[in-house]
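Quick notes on the structure that follows.
Order as written gives the chain letters A, B, C, D, E and F; numbering starts at 1 within each chain.
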Amino acid sequence: MKAFYPGSFDPPHLGHLDVIKRAAKVCDVLVVGVGGNPEKKPFLPAMTRCEILRAECGSLRNVEVVQYTGATVHWAKANGVQTLVRGLRSAADLDAEAPMASVHRANGFETLFLLCDPALAHVSSRIIRQVMAAGLSTEGLIPGRVHDAIRRWTAP
Amino acid sequence: MKAFYPGSFDPPHLGHLDVIKRAAKVCDVLVVGVGGNPEKKPFLPAMTRCEILRAECGSLRNVEVVQYTGATVHWAKANGVQTLVRGLRSAADLDAEAPMASVHRANGFETLFLLCDPALAHVSSRIIRQVMAAGLSTEGLIPGRVHDAIRRWTAP
Amino acid sequence: MKAFYPGSFDPPHLGHLDVIKRAAKVCDVLVVGVGGNPEKKPFLPAMTRCEILRAECGSLRNVEVVQYTGATVHWAKANGVQTLVRGLRSAADLDAEAPMASVHRANGFETLFLLCDPALAHVSSRIIRQVMAAGLSTEGLIPGRVHDAIRRWTAP
Amino acid sequence: MKAFYPGSFDPPHLGHLDVIKRAAKVCDVLVVGVGGNPEKKPFLPAMTRCEILRAECGSLRNVEVVQYTGATVHWAKANGVQTLVRGLRSAADLDAEAPMASVHRANGFETLFLLCDPALAHVSSRIIRQVMAAGLSTEGLIPGRVHDAIRRWTAP
Amino acid sequence: MKAFYPGSFDPPHLGHLDVIKRAAKVCDVLVVGVGGNPEKKPFLPAMTRCEILRAECGSLRNVEVVQYTGATVHWAKANGVQTLVRGLRSAADLDAEAPMASVHRANGFETLFLLCDPALAHVSSRIIRQVMAAGLSTEGLIPGRVHDAIRRWTAP
Amino acid sequence: MKAFYPGSFDPPHLGHLDVIKRAAKVCDVLVVGVGGNPEKKPFLPAMTRCEILRAECGSLRNVEVVQYTGATVHWAKANGVQTLVRGLRSAADLDAEAPMASVHRANGFETLFLLCDPALAHVSSRIIRQVMAAGLSTEGLIPGRVHDAIRRWTAP
């Protein structure tokens, strides 16, 4: 089974990497799709996000990282993928994910949800941005290379 | 990927069948495991639940139905399966499923969660038992053969 | 519109009375149905619960209190009522109520949910039983006559 | 009982129509109020939303559709309505609706909540806008005339 | 124990005052920190929010009100405080608070959560702003001096 | 401030110990109260639970462990404690805790909620009992001495 794990990954964090590693064990091929709202100024450039994910996933043979624009299922359809992967941190996450997952199901795309590692249940791209802005420790939240990239891109 | 979908299926309902059909498309082999608490009097005998599920899934080539006792992961380990499948009806369901899924993950078993068809989100074995007890219509809740089996087993 | 407000009311509390008073303003006739599981020993006898509710609702002209057994919708159908009333204390309450409300809807019965007074959102029959067992103050939780009835029935 | 069902209905969808049809059975008169934030650019013009709702509800004799601005309860007070109607898709919906419903209650306005048809629990105006933007199928989400109106108004 | 209760308090409401009074009984010193996003136009000026809180808390000997900018934990660290206080209105509130509380814990700051008075569970600064905009009664939501200050600052 | 952390601790687990250690930093004295339903057969005898907690908390100078029966607030009142401590694993936990916390507040007892370490959010006494029954690894769930005690008491 070939699966697509879409997200904005802005920035990528340890919760994303946990989902990728575990999904990669279940799928024959896992494509990580770096998307996001093109009209919104990103925190890190899409290319940087892709590079970080490629570097972090280098040892996972069946994982590819692609950049895409437009609707998730357009990419999926164009690339012959019918299975999506999403991580869940909490019940509130499921409430947010469920409507689009139901729409995707009605359009022929299945979503596999993986429950994140409890130790990372509080980690989101949004909280990383807040933690970095507050100058708090990012230990246990992001890999070192994400920390460096953020410092580089958000330096005045 | 070979996956195990454990449950008590007491009785099996359309929500279960929806999960089975969709999981079967994603997995190479899907084993439906009919378990349950052996110390609790079942609503339908385990053998009947297995027969119903086998009959309903007859057209799905890669689905097997087995009866098992004991812990879910014992069966999984003994049969070389490392991936579990569970359906989610709601955020409250995830709250109930998450602790054991985390324990399973820590013991090397991954759980794939499938969001159920919204039209079946209110359907559970428990509600079926209440609906049957109240003599309400089971249309859209269970297949005809489940209805017949319940009538047979719960007749005075 | 004639509506039916079913429950076990074991014991009746201020949250119930708040729902009754407000529903009575919306409905032409409101029938409060005192039911409950006949196989479970009640905290207060059904007749006592009915008497309390009748006394508390004495000034509400369009409210009737009846005792019933069996499925809620059997009573409703036999008495020409197609609208049910239920109170909601919290999101968790809705999760618990939703499946049966969906079944009722599919069988032709509509459920009107009223959000309880926030000041009473923590009040349930179960918490009343715990509060009475612990000898804590029931002020703001139950009317005086419920307190007296419980003392009478639970005295050793 | 005369009731007011306020919303932005931008765009109207099958979930709205389900609530309208069911509420119309319970109420003597149901007024559907097309409001929304006047400072936010709408997806469909308010007049178009009203026309669609009027056309869809044409067969419901006791349903009126009005456009209104300002606070919901101002309209209600000015038109002698004390009962509001709102649909609930999920527990998360109730969390979002509860504070204003409590404020309305304290100001003398009752809110009747109807649980939406489970098959439509994932349908919101927001998801319709995303589905249309993504070019996905809107079957089972919106009536044909909404689809046509959106195409007309969002065409470049 | 010295504790810090951070918030934007824009405007302060009875729910805030309830948390302050109760936290003040538990703590040796309670510092109420009026912060907020400096890039967002406030509803009331920070100085006004501080004045209101100081006036309302005048009788609480161990409560101080300070204005601060920047990350909450910067203020805490600079002032030798390791304990934070936050109010919880509902389960949804906890979902929103939990990620940052976990980050704070990992950085050496403990958060004490107090469940708000149920009668104030629907009260938030946001709902106050909506209630004032709609011209609804603020009785039971904000102290009189908050009402006056808002009228003064939002008058055209 | 002297606080009381009541629970059944059946068995004690790492989540409990995390709450105890963190609460002990905030309180002058923390009394851990081992209670539970006297009519229910415990998993571990109360005395064993006390011994385990005393041994695990030996290095915390301001922590005492007591066994108590009856209502939590009876013990608290008799021992001059007005502050209770409870851990929260999730939003669902808060839903379960909130009603009694509100009753306690109305009776003069404040409850301080501590959010548990995310890495332990899935750990409950109930899941420990299931994990032990299933023969799964308890690493990261309970201290070694709890494991040994359970083996001793549950051996056939």
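Methods note: contacts are C-beta pairs under 8 Å (C-beta built on N, C-alpha and C of every residue); 3 or more make two chains touch, one makes a residue touch a chain.
The shown structure was predicted, so the numbers you read here are calculated from the model rather than taken from an experiment.
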Touching subunit C and also subunit D, the following chains: B, E
Homomeric contact subunit B-subunit C: same or different residue positions, threshold half: different
Of all other chains, the one whose Cα centre sits farthest from subunit D: F
Option reproducing the contacts of B-F, where over half of them reappear, out of A-F, C-D or A-D: A-D
A-F or C-F - the one linked by more C-beta pairs in contact: C-F
Subunit A and subunit C: spacing of chain centres that average the CA atoms, whole Å: 47
Whole-Å gap between the CA centroids of subunit D and subunit E: 34
Overlap residues in subunit C, where contacts from two or more other chains coincide: 90-92, 95, 98, 102, 118, 122
Pairs of chains found to touch, sorted by chain label: A-B, A-D, A-E, A-F, B-C, B-D, B-F, C-D, C-E, C-F, D-E, E-F
Interface residues, subunit D side, partner subunit C - complex: 1, 22, 25-28, 82-83, 88, 90-92, 94-95, 97-98, 101-102, 105, 110-115, 117-118
List of subunit B residues in touch with subunit D within their complex: 90-92, 118-122
Residues of subunit E that touch subunit A when the two form their complex: 70-74, 92, 95, 98-100, 102-103, 106-107
Residues of subunit A defined as touching subunit E within the complex: 90-92, 122-124, 127, 130-131, 133-137, 139-141
